[in-house]
Amino acid sequence: MKITIAEIADLVDGTVEGNEKEYIHGPAKIEEAGSGELTFLANMKYEKYIYETQASAVLVDKSFTPKNQLDTTLIRVNNVYQAVGSLLKQFEQNITVAEGIDNTAFVSDSAKVANTASIGAMAYIAEDVEIGEHVVIHPHVYIGKNVKIDQHTVLLPGVRIMHDCEIGARCTIHSNAVIGSDGFGFAQDEQGEFSKLSQTGNVRIYDDVEIGAATTIDRATMGSTVIEKGVKIDNQVQIAHNVVIGKNTAIAAQAGIAGSTKIGPNCLLGGQVGIVGHIEIDEGTQIQAQSGVASSTKKTGRRLYGTPALDYNDYLRSYVAFSKLPSQLRKIQEMEDRIHDLEAKLKD
Amino acid sequence: MKITIAEIADLVDGTVEGNEKEYIHGPAKIEEAGSGELTFLANMKYEKYIYETQASAVLVDKSFTPKNQLDTTLIRVNNVYQAVGSLLKQFEQNITVAEGIDNTAFVSDSAKVANTASIGAMAYIAEDVEIGEHVVIHPHVYIGKNVKIDQHTVLLPGVRIMHDCEIGARCTIHSNAVIGSDGFGFAQDEQGEFSKLSQTGNVRIYDDVEIGAATTIDRATMGSTVIEKGVKIDNQVQIAHNVVIGKNTAIAAQAGIAGSTKIGPNCLLGGQVGIVGHIEIDEGTQIQAQSGVASSTKKTGRRLYGTPALDYNDYLRSYVAFSKLPSQLRKIQEMEDRIHDLEAKLKD
Amino acid sequence: MKITIAEIADLVDGTVEGNEKEYIHGPAKIEEAGSGELTFLANMKYEKYIYETQASAVLVDKSFTPKNQLDTTLIRVNNVYQAVGSLLKQFEQNITVAEGIDNTAFVSDSAKVANTASIGAMAYIAEDVEIGEHVVIHPHVYIGKNVKIDQHTVLLPGVRIMHDCEIGARCTIHSNAVIGSDGFGFAQDEQGEFSKLSQTGNVRIYDDVEIGAATTIDRATMGSTVIEKGVKIDNQVQIAHNVVIGKNTAIAAQAGIAGSTKIGPNCLLGGQVGIVGHIEIDEGTQIQAQSGVASSTKKTGRRLYGTPALDYNDYLRSYVAFSKLPSQLRKIQEMEDRIHDLEAKLKD
């Protein structure tokens, strides 16, 4: 691929400062980019690199004011990340599976597969499955009985979609994710022995959802575990039975959400966050990485931190005090001695 | 499936209050159930829903006393969860793999597969494997050399059982779990380079164990990593080499147990709990989610919380104090000033 | 296998105290070993077992001084763990895949597979892949377009290597690990909707790296996510886009490292550690299990603990103080009362 800087600026509605006729052949990181490459500056932590980059062009924010001399061409845009996103798609080499059904795949006679769908090698499609237009099923994918997958969804290698689950349109599910595993539900008798509670529900994933590699989402005991439209879930996230994740919420890697909890829309959950079962997290809540949320949050847009989670600033203030505790405890002891001395003097 | 409320009450040894002749066609959650559906009330947090439910019948505890008017039929039972469990099995749609060996599976000539076992499509069964009666191996499962799997065990799609491991009867292992991966053991030389310690042991899983999706259990360096009878393990749990998990212990999602640690019977480990290596956790210990246990617990039935873990109530009390620290530190400063003033006055 | 104690001592450059002519047929743990078995004592926590072991021989450190009578033969060595490691390799039963390409594997016509490589049953090798000498690809492995795998590397069942990634020589990647999944990168518009940033980079894994079961390593947005030579990564670790892990660093299970962070060489990360994105961890840093690192560490060889992480000893001291907080807060209240009384008396 070869494209001029002027053409790139056109694609992202940007304005050029410098040589707009130079050719670009690919993207690179700002600290590594060389001649003929395009890079970007979005996070100002990396600003120092723009003064030394060999890149032929750099995408920057409209408001960017250089502090030093620049040897590169600038393309000024409204939103650097969005511009990068749309450009990378131009550069991206498509990973495609050939249209049609690979002859090493198993597809049940009762499955309905759209003509434009692709079923990769050694995939397994069980009875009564419905697969929509332009769906791409990579090799080694398992799709259980009665699953429905809407158009333009992509399942990467080793994904397992268990029976009865429903996946919306334009979703991407990454390698080795498991959708519809049994919920973790047991009844315990007096001898401490567990007997399994059947998990007869399913998982419903709405449109435009992305699910990371090795993430697991359990089916509901009854009814549905629900992932609403536009939710983005990172790798190795665990979502238990009957959880509901609201629209456009993002969940970072290794977070876990226990059974029957409802997460509102537009929330951000940091990595390794844990949320107990049977609570509700209100719209727009932001939860700092590694926090443990133990009770419902009934105020929109809160920011939480700690285990159990407090308001973000409260936790940080308490944690600063925590780091001073050893000296403060010595001070308390010393103050007590001084009080004791004062009391003794007053007795005299 | 269609069954009367009277017949359901019979199955769970319950007593009916209301119209016992109505037909039920399936289960549903209490907040979603409609006419012709059966639901249940076990956790009193959901009591409000029973007064507005459209369900035709609700399973409740023998002792349940309604606070308001009810429009539904009650089925009173001794243990709601157990009743639900046994009923769901009636409603459950079986997920079966056809009996016999799928012709796309690979089964070594030296493997012994019982006649009533099922081997799904594209499964791999290595040399000298033994598979018992009524075992169900789903598609894409890998079973290494010399593995033994006892009767009625079910392995879901993508499970990997590595060489020499032994799995008991009536176990369920969910999708993409890995049993018998190498333990994480290395010797480091003076240059900081690691050389691998061979991991020649195996994993022994006893009867009636359930193991969640994407869980990993490492083989022992020598001897066996042991999961005793009736243990229930959730998704994405990590169990290191030479660990022993005692009978009827339950481990929630994303917990991790480091090498050579022994967990007693009847313990409950919360989600994301971490336990260091080479310690012993006594029988009946309950560990709160996200806690980190750094030393052995030699008292039966303790409840732990925090990192490193303290007694549950001690942690909570300390944490309440932690949340007050900023104001307490200000108070200490103020008290010191007052002591200083008192000392000055007494000098006069 | 049968070998005399004298021959074993020879292999590990050790000296024998006892009957060097006895035959050994296998290794065992010290608390379980019987006659004809070899065991070892490296961690002195297990010393008591050496006085009661039935093992025919025990590997011990050169400096080991028994406190009681011994009934077993000792083999004294410089480094017990290294000796055990090299011996276990002698005892280890090889898990091999037959050389050549299994006829149920798919290998693209444009892939280059060395003659001495092994491609297991139902593996998938995409276009333009290069596979080096003596590489072993187990069943159910997926290798995407344009991947390069250097000599003597072993991929266990269910591993997914996505397009464009590069794997060095003598690496081991355990079952169901995913290398080269998309980084978690999205741009959010004013309506809160996310649009995906294309992830066009790759993952580069250098020589002698070991990667645990179900671990996930995301490809770079641009450029490479880099795992340097000799790095050892345990199970269920998450490594985000554009991370760099320095030479000979070891990472325990369930740790997670967010995007663009650089970890120096010779670091040790405990289990369930979390590290935020865009920071640098200096050489030789040791991070205690479950800690959360939120800022760069610019001093070599630090030891960290807590969330957010403090110096190890500072955290422990603060935590001891934390555990005393309830009584200290009562003391503060009591001291305040005493100050109040003193002030009242002085007013009189």
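Chains: A, B and C, in written order; residue numbering restarts at 1 for each.
FYI, a residue touches a chain if its C-beta (ideal position, glycine included) is under 8 Å from a C-beta of that chain, and two chains touch if they have at least 3 such contacts.
Given the structure is predicted, the values throughout are model-derived calculations rather than measurements.
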item: Cα superposition of chain A on its sequence copy chain C - rotation in ° rounded to nearest 5; value: 120
item: Fraction-based call for chain B against chain A, same above half, different below; value: different
item: Separation of chain A from chain B, taking each centre as the mean of its C-alpha atoms, in whole Å; value: 24
item: In chain A, residues with contacts to at least two other chains; value: 122, 140, 158, 176, 214, 236, 254, 272, 290, 322, 324-325, 328, 332, 335, 339, 342, 346
item: Chain C-touching residues of chain B, taken from the complex the two chains share; value: 106, 122, 124, 140, 142, 144-145, 158, 160, 162-164, 176, 178, 181-182, 184-187, 189, 192-200, 214, 216, 218, 220-223, 236, 238, 240, 242, 254, 256, 258, 272, 274, 276, 278, 290, 292, 307-308, 310, 314, 317-318, 320-322, 324-325, 328, 331-332, 335, 338-339, 342, 345-346
item: Chain A to chain C touching residues, read off their complex; value: 27-29, 32, 39, 43, 45, 79, 81-82, 84-85, 88-89, 91-93, 95, 104, 120-122, 138-140, 156-158, 172, 174-176, 210, 212-214, 230, 232, 234-236, 247-248, 250, 252-254, 265-266, 271-272, 289-290, 319, 322-326, 328-329, 332, 335-336, 339, 342-343, 346
